[in-house]
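Just dropping this structure here.
So that you can tell them apart, the chains are marked A, B, C, D and E in the order they are listed, and the count of residues begins at 1 in each.
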Amino acid sequence: APTFFTSAANAFTNAPGASAVTLGFNVPQSGAYADEGADELRAYELAVKHLNGEGDGGMLNTFSSKVLDGTGILGRKVEYVTGDTQTKSDAARASARSMIEQDGAIMITGGSSSGVAVAVQGLCQEAGVIFMSGLTHSNDTTGKDKKANGFRHFFNAYMSAAALAPVLSANYGNDRNAYHLTADYTWGWTQEESIAAATESLGWNTVNKVRTPLGAGDFSQYITPILNSGADTLILNHYGRDMVNSLTQAVQFGLRDRQVNGKDFQIVVPLYSRLMAQGAGENVKGIFGSTNWHWSLQDEASQAFVRSFGQEYGFPPSQAAHTCYVQALLYADAVQRAGDFNPCAVVEALEGFEFDGMGNGPTLYRADDHQCFKDVLVVKGKDNPSNQFDLLEVVDVTPAEQVTYAPDHPMFAGGELGTCNPGA
Amino acid sequence: MGILEVQNVNKRFGGLQALDDVNLNVEEGTVHAIIGPNGAGKSTLLNCFVGRLTPDTGTVMFNGQSLIGRKPHEINQMGVSRVFQTPEIFSDLTILENVMIPSFAKRDGAFKLSPFAAVKAESAIRDHAEEMLGQVGMLEKRNMIASAMSRGDKRRLEMAMCLAQDPKLLLLDEPTAGMARADTNATIDLLKQIADTRPITFVVIEHDMHVVFSLADRISVLAQGHVIVEDDPQNIKGNPKVREAYLGDAHDD
Amino acid sequence: MSEFSTLKAPAQRSEPAFFSCWDMHAYYGESYIVQGVSMNIHEGEILALLGRNGAGKTSTLRAIARAGSPMVTHGEIWLDHQPLHEMSAHEAARSGVALVPEDRRIIQGLTVEENLQLAQIAPPKGWSIERIYELFPRLGERRKQEGVTLSGGEQQMLAIGRALARDIKLLLLDEPYEGLAPVIVHEIERTLKEIRALGITTVIVEQNAVAALKLADRAVILDTGTVVYDDTAQHLLDNKEMREQYLAI
Amino acid sequence: MGDIVLQILNGLDKGSAYALIALGLTLIFGTLGVVNFAHGALFMLGAFCTVTFNKLISFQRVTLSETETTAWGSPLEIREPVMEAWFGDFGLWLIDYSVLASIVVAIPVMFIIGVVMERGLIKHFYSRPHAEQILVTFGLAIVLQEVIRTFFGANPIPQPAPDALRGMMDFGTLLGFEPGRVPYPTWRFVYFFFAAAIIGGVFAFLQFTTFGMVVRAGMADRETVGLLGIDIDKRFTFMFGLAATVAGLAGVMYTPILSPDYHLGMDFLVLSFIVVVVGGMGSLPGAVAAGFLLGILQSFASMNEVKALLPGIDQIIIYLVAVIILLTRPRGLLGRAGVMED
Amino acid sequence: MFGSKISDSMLMILFVIVVALVPLLAAPFGAGYPALMQFFAIFGIFAIGFNILFGLTGYLSFGHAAFLGVGSYSAVWMFKLLSMNVLPALFLSVIIAGLFALVIGFVSLRRSGIYFSILTLAFAQMSYKLAYSVLTPITNGETGLQLALDDPRILDGERVAGQLPSPTFFGLDMNATTDVAVLGMDVQLNVGYFFSAAFLVLAFWIAMRIFRSPFGLMLKAVKTNQNRLNYTGVNTRPYTLAAFVISGMYAGLAGGLLACMDPLAGAERMVWTASGEVVLMTILGGAGTLLGPIIGASVIKFAEAKLSKFNENVVEAWFSFLPEGLGDSIAFVVAKFVGDGWHLTLGLVFMLVVTFLPGGLVEGARRIGGYLGRRGHKGDLDKLGSNVQGGKSTTAE
């Protein structure tokens, strides 16, 4: 196995000293996802506070596992370093390497794109540290690119599709002609595949699947062909700026005012986030999508988190913040339970771990692929928001079992998890 | 048969007949001057010799080979060098480097990939370049950057660059324009000396009659794209057509 | 007059002049080119500025006209009581300086007439364009042609015409005969004589020293950026030694 | 058939955006000889003029509720729009038309930004190599965009078009198509005509005023123009201000089409350079022609039929066309010899 | 270093010493970790190569990142298919990048000036766009090409089950690092760094020979007056093409090395800003100089790596010695320039350097050296190839 520190006497990479342990928060600080990155960082800082016993403890109090007691991790104070992924695989890896090599980070977490997640996950596997991914929605992260040292708390494209399909069927019926606009890269493809499969099994017909370049800005040339294509539903497999723009323009082209085949034309955005909804403004009203978590959830854990985040920063957390906060806690908890910082011990502690009290109901970190299985929220753009954060309304909480799939599901086939690598 | 034979060359620019059926025969080893009013087409004609322009019709033969359609560097490799009307030099390089480059081109041909040879080690080339600079009286300025020179100096530098190639045919477009009288005289002497010691043929365009009559063995007079006379210097001076079209009535000196 | 009294006067200067420049030093970057030039010209006089290549003639003219380079670091330049040394190029031009540069600098993309019109945009306006065409009928014939496609001689006429289109007090001519056929040289010579008749103060730089001296009242010879001769033109024509030393004629 | 008409409309509207951006860029390059990598940033600043204006006029008075609290326990903020309260219907109208109204603000603001930029930075680079101009303006572009990010965040901020201009126009009926076949968003027509007006105005200004002649002359030879008594610097400064205004207005009007964010400029930068170069450096008509050409080609390349034949063609069409045009027409569509070839 | 006359061999020796000492010299700046030191060396190579084209011929390529990317992809494919040994990977990187450069250069060099720049930009953007999407089977798109457990690697023997191998140089693991304590600092001696550094030294040596060769002189002549060169019997196209291919091969080597240090090849490596980055490096350091590009590359990579890591916590710690209110407000301002504001600093630095040091950092050092030396031996720094213009005191050798 490759060794990052041949001379180190330790059994694993970056074994922490007696008093402190360093975590690496690798988030996008520049580029289109910088706001998401900033929110992720806020969540991490909050998590560190709570782990170190400062603040109100947040979800530590609701978490079903009770081994964390506000004294850091295994008695070591939690410290952290940050880096900029720039939402580029290369840059993210360079940044992660610097945290591992220079700052002695023992765990890397964060990121806001599947490309970055897969790339950094690969690096962490080679370096022998744990990777707790941030925002990554592609099936591949825990599918063909899964790694033993990597874990995903976020949901994925398949789960979005599984959660959305019943709602779509209930609202729009089983006789629809769907037209996909898809961001032309891996995440887009997996989402397109998942949604198409799910809707087709409802009985929908897929009229066309059109790939659009990332960052196209003006999508009008992809929207006009929809007008006379016979489609009555548009699925936007876009995220971030692309989604904001394509949705805005689709509305501008009057798609939502159209009648096709005697039905009202509908738009679906399978993956939603509050920040995106903010960017798209009015246009999201009434549009269905799915999301990993939303601050309006009424369970105790979510409320605890919203409260401590809101008090700290003055506004509610995004789903990105939620996932990252949870990931930090889950890592700390796993170490604590294992009684060891050794990545392999952590992997063992996390594999098959079942927990509750993190906002999505009872959750399982599945051993086969290191994917979390939990409830998925189906949301809709709110018609009458009461404030600037109140943009999405939860229409359905799809129970975990409904979105669970077999580890060898064809959409996730291809890769091997491998074995955990402690780096020495 | 001459070293440079030009037959029925025509060149149009839009509505302008810049060269109108030009015929010219330059004998090997002579100094052939081309004079004529501004805009007569002299520079245009020279451009047709070096591959900058392609004549619309007509032939240009050098040493029995056609020059038409050849690229500038090929023509130069055949032994034709040219001094431009507005000096064309390597203004960011030193004077010495300016003269070494043509020497390299002469020795190595149109292209040679020699990434590991050292310029420093090329003493033969440098000595030759310095000799050329000595001849035009610029040796002591050899380490100056060319752009910092006055126009007269640039012109002399360009001459040294051409001479460094030891060409068979040297085309000079107003070599002494803007030169001080002392330097003009020195240039005349230099050209004379070269003409005497080397088997080189000159084609000179010049408005300074002092230079023309000191150097030329033969003179062609171009006016409105057309050769109106070709003759010996003595006859040209007296030719009334030439006086009218070019020299003007008050001409003296 | 009174302005001059505050200056420390160089030796040869005795009376206030229409144009005078004073211990002028100028640099191109780090190269020191104009090294303390002083000269005076009376109103209506023609001064021939002579010297070998690289002596600094062009640089001196450009310094007077306040062109961007060379940079004048020291010295004063006065034209009709106006301190040119405090001005930028366009202010100097508005104060009555006109430079006919050595490479004519006809503006690309503009017709003959536009080149002339351009000269009249900033005040003060000089000759009317029609009057310039009277002086140079050839320009009139080619008024719609793009300026840069003119032949060398015509371009020179245009450059001089452009100067006359402004109301000028000082005309700076840099090698007006260069590259021109003898017939044209005669033509330009005639023009300059007409200009002299108009009483425009002129500095002419010319390699053809004899021609310049015939036209000029006074002569200044420059050598490596300093004045080595300043006297009447006739005197220089008579002074064989000087002529041989500096002009090789 | 209807699809083709739609794609042509699309290309026209895309092309007018490209042309407008390229116009400002060429103006700066053509008159000042400066390769301005901050041009995209000017476009972005224009868009943020609208954002700021919108934020200002939709200013809300905040009072803290005494009874209700937020999910995190702090008192709920009750927001009351001030415009409406103070100005009634006019306030509402102004908010509705904020994009158009912000033009009034954007013109002076962008002009001043352009002037400050030219006086403060660009003028030192007139005689410097293009590579250095690129570097310094690129640095400036980064600085501008980061400053905007500091104030407005990285997330796009929606700027809806006025209600009256938000719908569709059934363009097809004018051409005899059945209703609903060829509809096109009204705002995009507005953009097209706006661009045409600006382009026409700039052309007329440069072609039919002596100012234009002077600037063209100054571009060919600054020094000589100065020696003719013309204070070319002032006019150049004005030109820079004008170019910045054109870029800014292009940005203002584009906000309903593309929700502005701080990165907007960089996305347009490469594209606008390609448009300018394909048109021929320094040629205004070239820039406009290339803008429309590339816009239309891009639309066609995105048609499903075309993509089926050549997968991925829509991703590279702009670059591919640039390569082909530059290889067949050495100086772009309408470029002059000698400009920017060294 | 700048005060005395330096011969080429002295410069070379100095260079080797400095390069060898980087792990020690960089440690106090928090830059002494393998990833960053490898970047210094690798991007140094990239910039040196770019400078051979841009610095000498003046042709400003805006698409050089494409060659870097191609080099990386080639190397990773070699790792996947053949062996984890770095030599075949680097060999293929250089060859493929060279071929790629030959094709693109052949077409692009038909134009000059900005038209050339845009042609190269267009080719590079096409490569990037295709690599990102349509060519995903070859490039693995957005994620980047990575090693996988089921890669064939036909030449390599058995490996640890469930673990990815890492690139080696005949058994020397690129990742292997030895920690040594020097003066209380943790100095990391990393195989990959020294391996890259060896290539940097080689690249520097070749560049120096090119600068001093008649070939290099011809390239400089191309930059100042291509027209004259044509009428001097020189065919400029082969020269420019050779320079283009050589610099493309440098880029390929750099790309290959990147993959050797960290076996992933991402499409983002080819995007236009990556091409812009090498332009920035070269100009920041000093275009046309020998050392400039390396310095520029190191400075930019250093800034990129370090600035982004200073989050608000770190900054607050810096100013914690100040009185509460003051410290906080200074920290507040400073924090805008680091962490997620690091781009702002980068932009400002570009502007300042270009405005006040047109010749780049090398020029700045020369000025300081000249100022300190006061004797103004300008010729000395010309050794480093800086272009001194117009000075009468310039000496050639």
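Assume a residue touches a chain if its C-beta (ideal position, glycine included) is under 8 Å from a C-beta of that chain, and two chains touch if they have at least 3 such contacts.
Not measured: the values here are computed from a predicted model.
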| item | value |
| --- | --- |
| Number of steps on the shortest touching-chain route linking chain B and chain D | 2 |
| Most widely separated chain from chain B, with each centre as the mean of CA atoms | A |
| Chain separated most widely from chain E, comparing mean CA positions | C |
| Cα-centroid distance, chain A relative to chain C, in whole angstrom | 76 |
| Whole-Å gap between the CA centroids of chain A and chain E | 35 |
| Mean-CA-position distance for chain E and chain D (Å) | 34 |
| Centre-of-Cα separation between chain E and chain C, whole angstrom | 52 |
| Two or more partner chains touched - positions in chain D | 315 |
| Touching two or more other chains - residue numbers and ranges from chain A | 34, 38, 184, 211, 213 |
| Multi-chain contact sites of chain C, meaning residues that touch two or more partners | 28, 31 |
| Of all residues in chain D, those that touch chain A in their complex | 2-3, 6-7, 9-11, 13-14, 17, 70-74, 76-77, 79, 149, 153-158, 160-161, 166-168, 180-181, 183-185, 187-188, 256-259, 261, 263, 267-268, 298-299, 302-304, 307, 314-315 |
| Chain C-touching residues of chain D, taken from the complex the two chains share | 210, 213-214, 216-217, 220-221, 223-232 |
| Complex contacts: residues of chain A adjacent to chain D | 31-35, 38, 184, 208, 210-213, 215, 217-218, 220-222, 224-225, 227-228, 241, 244-245, 248-249, 252-254, 257-258, 275, 278-283, 295-296, 303, 306-311, 314, 316, 387 |
| Chain C partner contacts - residues on chain B that touch it in the complex | 35-39, 85-86, 148-153, 174, 177-185, 207, 209, 245-251, 253 |
| Touching residues on chain E, where the partner in the complex is chain A | 30, 32-36, 39, 129, 132-133, 136, 140-144, 146-150, 160-166, 173, 175-179, 188, 262, 264, 266-269, 305, 308-309, 311, 313, 339-340, 342-343 |
